[in-house]
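Order of writing sets the chain letters: A, B and C. Residues in each chain are counted from 1.
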């Protein structure tokens, strides 16, 4: 997800992903929620948890231990109660949780959501017998060799927590798949795990471009309100579904084409066009800017830009005339550099991924799929064709040739031009 | 005309030049029309001819033989019938054809249109006696030495086709002026050719910049209609004479200042301004683009561009921020490179001439009078100062200097800026 | 002030600074006005003076002699009459003049305006005794060591001109401070000079950025009128205080946010935004241009530009996409090069200072605080990071890499894009 920092705290329509997940669980069931988190953002997680009743936080010391480590980290809290394992990075509908929570089958020791897929997906497939009991979980089978149409989705209810924990402790895999290995061991030893097919929304937030889909999904669930504390000019045009928060100012000649979320205190200035985008709090979408299909966090400033199919973190500004390219000349899929390898985004429309605290100069051109990491200053009039590491100051080589001007600035032709205006 | 391909098939207001010429002739007279064409576009010519009654096509094998070769190629079809010779590259009024067709003077063997000129033009002048009989045709006399105010315009009616063909066969000039030489030989041998003065429209389509004039002329002849099948936003402003075809979409905040033709299925997007321009079919004039005094063929996509005084072939797109320069800094006439020599366009406002299937990146600057040939990709952030040959991929040299950023992105001053918005 | 030529002839709302100063004096008192001027602009000064009664002009041969030389240059005209010394470069309210002119204190030989300052200013402070008599004038004391809160402002009434002139002739300083030395000598010799505290407007016009303040001040004093001879489109939006002169054209979709002055014959085109700015006569603010907090003299042409916090002399044009940067990436104060040294403008929002007769190409980026001197041509697609001397022709180094294009321009994806428009 780099340079996007901690996706769990990405705000969607004024609420962070982690808050949305807590509220999802609370809407589906009662009981204690334990968030297992790494040390890096403990303050923020604790603050978030404290807003809710019955939500506690446990630190996972070694993140390499994956889900297994996470569950063992809260062994004492779980005790012997049934436990629902849920990954905060998967966006699902409440229904997915209800399917496992409300299942009455007393034979089942564990209930596992199998997300129905209609085409091949490189995930873990559930192999089931004719009664729906899981026999195996097959990671990334070759296409055509899938044992079912169900992907293992981490919405797992384990009634016998003690057995789960005992099995987790026994696994000695060196990979981060200890949890999955433990599940398989449990199946082998006779624990009955039932697959429940789920055909609803599932959006893993794994790559930055998933943020766009998540916005659209969360937006669709929100009530569409234009705050009475916002100022909408008579000469502005608003169409489609929009949420406009308190103290937003939409100026003369601004256009908003929904679905759009405009966060608190943001300004949509004269001749700006915002369409199908998420604008966080305290942003300024300046004169003659187009923001299309993009996610902007808080305090993003634009001015006569085109921001298309991009993800922009907070406290970023763009000088006038700076443009995010979002379509290759050959219109092929946009490739993003992931650990030195080109990764296909599976879309031919994708722009910039920008970390926080970045300043762009004027008239700069950013190529599709480029990542600019946090704390960078990018100069004026540049072409940025590759990723820029964090804390960079980027300039071009300026070589001006200054000669004597032997012509003079004539106004002759201008009277004719003006007559036609 | 390069990189404009086959001007005869340029569409003006939904109808190609060749169709317009066929219909012009049909409106002036009955009879058989023979189109003489080179082999390169035979399919298209045949398809066009097939739309009309009494129109046939003959291939001219050797285009170097010029008009003489063209006439001899259809010797058999002409037979002994009177023949009207007309050049498809000259835009004239129907009246020019009627002048020769309806002349009742039985003494005249041939009738030749003499286009009245008010100032010197480097063409073939008709020298006539006091009764109007042509004595000579003088090619490009020096200025001040013109024998009359009449230019030989290829609207020629020959009543005695056999004599014409016989004379054409006798001529042995090595130049492409065999037809003119044959006419002079006929005059010398006593054939009576009468000059008929014509004071109407005459526009040779010889250079790309002639396309602008042709558009204005053809547009002026068309009925001005806004299709009921178009969608015009309430917040769009349309002024002056316009033709808007079926399925056109004119979005909020778009401006169209006539004379303008907007072809079928084209979109004029928010904050775009189109003035005095021809927009072909299926074009998208994107957000905040200005198209001024330009000819766009089909499938041209713009996005936050300025396209001024330009000719753009079909399937061309411009990245955001890309600009066609159309005025020199010294405001002198725009020069175009024609076969390695600078050719004066006689106007100081002229932009880009672009072939088909071209893609421009973002924030690129194209200098006035540049030609970009077909099938090119032009990168981002470039300055294009000279012609680009076909099938080129053009990039700049990118040298970024990346240092450590020792400053940080301050938001201090922004609160003050925002207060004023 | 370079490259701004002769600030006295800068027009503010249709009237030059010098005219405004003459009219200020005339509104405060009767009597003869003598303008002392250098030889460089004598014609213009004489022409200006001739518009008024009782205004004459005297040439000061040696401008190095400063104020002393100026007063001595009009010794004969002054004779033995009381004389009011006033600097044309200080913008003050009429009240400042009235304070010295209407003072009835017969004991005072001279009356000196002491501008009240609320914080330290590096000027000449008046040291006074308890009765208000000036004992000394202390140039730039260290901060905290100011003898009073009164700055010596050159609004000085001397009743005994003969004494003043005699003293001026005696001073032998080699600096340009002879006038101040003479005043001190007079005080020492018993001439009674009274300080009169003045708490009104005082704006020295010393640096280009002072022009913005001067515009705002003069604008505030003018009657706000929209001429009936202007053409304001129904689809234009005008807000705040504006003055719009004869023959101005405000086109569809143009926005003017006051305070704004739009001079005679200027055009504000479609989608342009002018805010808090002075636009001189015969300017064209072209399509999609934003002019913010800027001073434009006459005949300035813009086209899809951002002109922010800038000072533009007459006969200047900007190609489409050219932008004046007006905020550093680090948001620190803008520095201007003054005689090779960086001078702090004390503001972090400052753009371009441009001399007259300059042409900018398309898509060029000008860094904040840059000065472009008169008679320059600046090419396309450049970044201008430093001052450009007069009569320069500035180009970049263009190195295009032209390879064979092995891709082709696909239209596949465009149908999908278009569906969404």
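As a working rule, a contact is a pair of C-beta atoms (placed from the backbone, for glycine too) under 8 Å apart; a residue touches a chain by one contact, two chains touch by 3 or more.
Not measured: the values here are computed from a predicted model.
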Steps needed, at fewest, to go from subunit A to subunit C via touching chains: 1
Angle of rotation relating subunit A to subunit B [CA atoms, steps of 5 degrees]: 120
Residue-number overlap at the subunit B/subunit C interface, same or different (half cut): different
Distance from the mean Cα position of subunit C to that of subunit B, given in whole angstrom: 51
Of all residues in subunit C, the ones touching two or more other chains: 253, 271, 288, 321, 327, 329-330, 359, 363, 377, 381, 396, 407-409, 414, 417
Parts of subunit B lying in touch with subunit C, wherever the complex brings them together: 237, 239, 249, 251, 253, 255, 267, 269, 271, 273, 282, 284, 288, 290, 299, 301, 306, 308, 315-317, 321, 323, 325, 327, 329-330, 357-359, 363-365, 367, 375-377, 381-385, 388-389, 391-397, 407-410, 412-414, 417
In the complex, subunit A residues that touch subunit C: 235, 252-253, 270-271, 287-288, 303-304, 319-321, 327, 329-331, 348-349, 359, 361-363, 377, 379-381, 396, 398-409, 411, 414, 417-418, 421
